[in-house]
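What follows is a group of structures, each given as structure tokens.
Each of the next two complexes has chain A plus one other chain: chain B in the first, chain C in the second.
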Partner chain A sequence: MKAQWLPDALQATLEKATFLRRILSALVREPLERDELVSQFALVCWRSLPTTLVAGLFTGAILAIQFYLQLRGFGAENVLGGLNTSACIREVGPVLIAFMLAGKVGAYTSAELASMRVSDQIEALRSLGMHPLNFLVVPRFLAVTLSALVLLCFGLIVSVLGGLAAARLVGNINSTQYLSMLPRYIDGFSVAMAVIKSFVFGLLMALICCHNGYLCEAGTAGVGRAVRRTAVQSMFAIVVVDFVVSLLARGLQS
Partner chain B sequence: MIEFRAVSKRFGALPVLHNLSFLIPSGRVFFILGASGTGKSVALKCLTGLCPINAGTILLDGRIISGATEAEFRVLRRQLSLVAQLPALLDSRNLFENVTLGIRDRVFRERAQTAERCLEAVGLGELVEGLSQTFPSQLSYGQQKRIAIARSLALNPDWLLFDEPTTGLDPRTTIEIFRLIRTVADDHRKSVVVVSHDVRNALRFGDQLAFLEAGASIAQGTPDEIRASAHPLVREFLLEARA
Partner chain C sequence: MNLHDRYDRTLLLNVVSVGRRSISSLVRRRFSRDEFWRQAESFSIGSLPLVLFSLFFVGIILILEYSFHMKLIIGNDELIPSFATMMLVRELTAIVTALLLTSRMGASTAAELGAMKNSEQLDAYRLLGTNPIDRFIAPRILACTLACVLLTFLALGVSILGAALAATIGLGFEWRSLGSSLALFTSYRDFLACGLKSLLFGVSIPLLSATIGLRARPGAEGVGRATTEAVVVTSLWIIFCDFLLTYALAQA
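This part shows the complex of A and B:
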């Protein structure tokens, strides 16, 4: 059987790029729906903050336990704080929290837009002389991108606290010991990379969920396919882009 | 006045409108009738630019609109407001937001006054009080249809276009909706086009009627002229309406 995944992936990427161009064009040419943007931003942040905080807390804690078990064998528990925080901020935190957000915010936004498409609500907006992409997609795209950045930052901060709590619980390492090694492992560049990654992940999630939802196929099965595509494509895009950004960061740092 | 001049539309290899030509005078209630799949709804979508045509010309007050860009059609759609077959209200928005969707850039006071006036016009004046607390899912299907009409009326268009406005409604609500359409046309001086297959009510509430068959117009005239038509398909429809 001929492998089809590569042409499919290329086509999906091309479609997303075209859709991004449409969003940016509407953003430049049409008036911004400020009320929509503010309400969507507040909605996404409010709904996803608890999930993000819990995900961040446990990510930091789980990593701390794993690192502690390895470091203990070498008697290097003193570097736990630096190592764990570095891993959380640079890699694991942004990826895991982005996964959680893709499952929650991405799936929700995609399902909402897809339902509007299949129930003719988007067509009704066109009939009223409105620009549905500008009214529905642009505010959601901006809200998901910005809120993902904000939520990921919150999640990363909490992941440090999770690591600290787990270190205390499992290895009886106090906060002074834990935090003392941070400056050796974390610098401005690491934090900047975490913020850049969070922004890029948020942008990818926003683009993927808006595209799949807004251009969903007809029928209830179309809604299901839109949500499934959003989940799969978001996670795939996050890991691939994480790899690329990490490589670039390594190049820049060295 | 709206004029279709030899308009053709096909979806892939399937022709839907075939050299369709007719005139729709302003200030009247004009019914487009025909069996399912004859291109009635597509004609309305072509008129409003929701569906591009393949050949021919559509004119509004002597001006060609069929080649307009999407941005130009957005302006035109506020003048030619289409009430779709399904109410398609935004289910996450309350009724006030739904009714004033097309005029959301105006100040609140103006929006509130327009919403009240439009709800009165569609016979839902009792909903004005709790408009911001009521959502589409709390209404019956007939009420949702009325809200969809109010939403279009809020734009104050010159033309109101109804695509199968009574689909899925019981006979009593069907009559109420047709009566409402007639009232809106008379009281608010709107030109109205209704796509329907309900010949009996079209003869009762319409000023002019056109019959479509295989994407082309086969008969057009006043209710009396249609009653006198000798076209076999029109006769068949009239017989069905009498039954």
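This part shows the complex of A and C:
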């Protein structure tokens, strides 16, 4: 069935790169639609904030329980706070929350753009003399990128609280003890890594959902296909980029 | 399902009623076999590349990060093969596989059922005497449950393989260290927990997303909303369940 997935993947990557170039050139050449950008940004943040917070909270809690079970065997429960927070913000948190956002924000944005394309609204904008890429895609691209960054950072902060609560609940580790371990194991590098990952994941999500939505095939089936393609491509991209960033960070740190 | 069915009550009630009727359809074997095979193929083989590829990298990343953290905390990383395999078996494989399946299949299930509802195809099926639950929902639940368990265990193998490769090439462990730590540190209970989680997730994904699809409001906008709602509700439910199960198994 998928006999040629490698050429397909390469082609999809190339198409994304071309589309990114188009977005950037529109960004540089055309005036920015400030109102649209601000309203999109507020909309995405507001809609996805509860989801992100719940996801972050439980991610932190689940990891804390697992780490507690492992550390208990060595009598090292007191480092739980540092270990859990570090693992959460460097690795597990960004990936899980980005998965969630890709399903929500990415799917929504690409469905919106795709239904505009299918119902010829994009052509209508063009015939009115507007630049549809600049009017529709550039604000969404920027808004999704920025709001993913903001949301991921919020989610990561909440994951610390989730871990704290779970440590209290399962391991009877009080919060001062838990928090006292944070400065020892979390340095600027880890925080920078979390922020960089959040930014890159947001950028990829935005690019993938805008591309698939804006250049969707005709018909309502095309909308569905665009949404599914967005979900699958975002997940692939997140996993691969997470791997690359972790590897680079490892190289830099040692 | 009868003609008086309304999907405007709370989600929980709808899920319970769709679940109850799907179970009876499955137990009495009224569900459509053709649809089951079609869905089983789409759920399992269709998602195979995505799941295996992602989990392979998850295994690699996990063991590299573990090594970093253990060096930071204890000063050596001798124990990480066992920690990484424990984490993969108990926790990460099941939840990551389920979240991937949710995005790939949950969204399309909700979109398909929502579109069918809005274009009145479900009413047409009912008029022809076909129960939409037997025809569309029960087969999906069975197919997705089987596919989820199957994929989780395949993904477990692949992620441990990824971890073993990274440990051998990147960290200088012996190739066999992961196998021996798997035998030493994980018991059948961990695998049971993994299977239990994937079973629960596999039932939840189609049940929740199909019910949300049936609740779609009119118009393309309604289908779009149902699609995102399906992904969000199902993902949050999976994370929440995972937390509860992890907590319960930690107490046991």
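Observations, loosely collected:
The definition used in the following text is that the second predicted complex is superposed on the first by the 251 of 254 C-alpha atoms of A that agree within 3 Å, B and C clash if a C-alpha of one lies under 4 Å from a C-alpha of the other, contacts with A are read in each partner's own complex, and residues count from 1 in each chain.
Note that in this section a contact is a pair of C-beta atoms (placed from the backbone, for glycine too) under 8 Å apart; a residue touches a chain by one contact, two chains touch by 3 or more.
From a predicted model like this one, the values you see are computed outputs, not experimental measurements.
Taken together in the superposed arrangement on chain A, chain B and chain C fit without clashing.
Touch criterion met: A:Ser127 reaches chain B, while chain C stays clear of it.
Between chain B and chain C, it is C that contacts the larger number of residues in chain A. In the superposed model, the vertex angle chain B-chain A-chain C (Cα centres) comes to 100 degrees (nearest 10).
In the superposition on chain A, A:Gln11 makes contact with neither chain B nor chain C. Of the two partner chains, chain C is the only one that A:Phe236 touches; chain B does not reach it.
Shared-chain residue A:Met116: touches chain B; no touch with chain C. In the superposition on chain A, A:Ser25 makes contact with neither chain B nor chain C. With both structures placed on the common chain, the touch criterion links A:Ser175 to neither chain B nor chain C. The gap separating chain B from chain C in the superposed three-chain model is 9 Å, by closest C-alpha atoms.
Taken together, the two structures place residues 112, 119 of chain A in contact with chain B in one case and with chain C in the other. Taken together, the chain A residues at the contact with chain C in this complex read 1-2, 5, 51, 54-55, 58-59, 61-63, 65-66, 68-70, 76, 79, 82-83, 86-87, 90-92, 96, 99-100, 102-104, 107-108, 111-112, 115, 119, 166, 169-170, 185, 220, 223-224, 227-228, 231-232, 235-236, 239-240, 242-243, 246-247, 250, 253. If you check the complex, the residues on chain C that touch chain A are 45-46, 49-50, 53-54, 57-58, 60-62, 64-65, 68-69, 72-74, 83, 86-87, 90-92, 95, 99-100, 102-104, 107-108, 111-112, 115, 220, 224, 227-228, 231-232, 235-236, 239-240, 242-243, 246-247, 250-251.
If you check the complex, the residues on chain A that touch chain B are 112, 116, 119-121, 123-131. Those residues of chain B that touch chain A in the shared complex are 48, 50, 74-78, 81-84, 86, 88-92, 101-102, 148, 151-152, 155.
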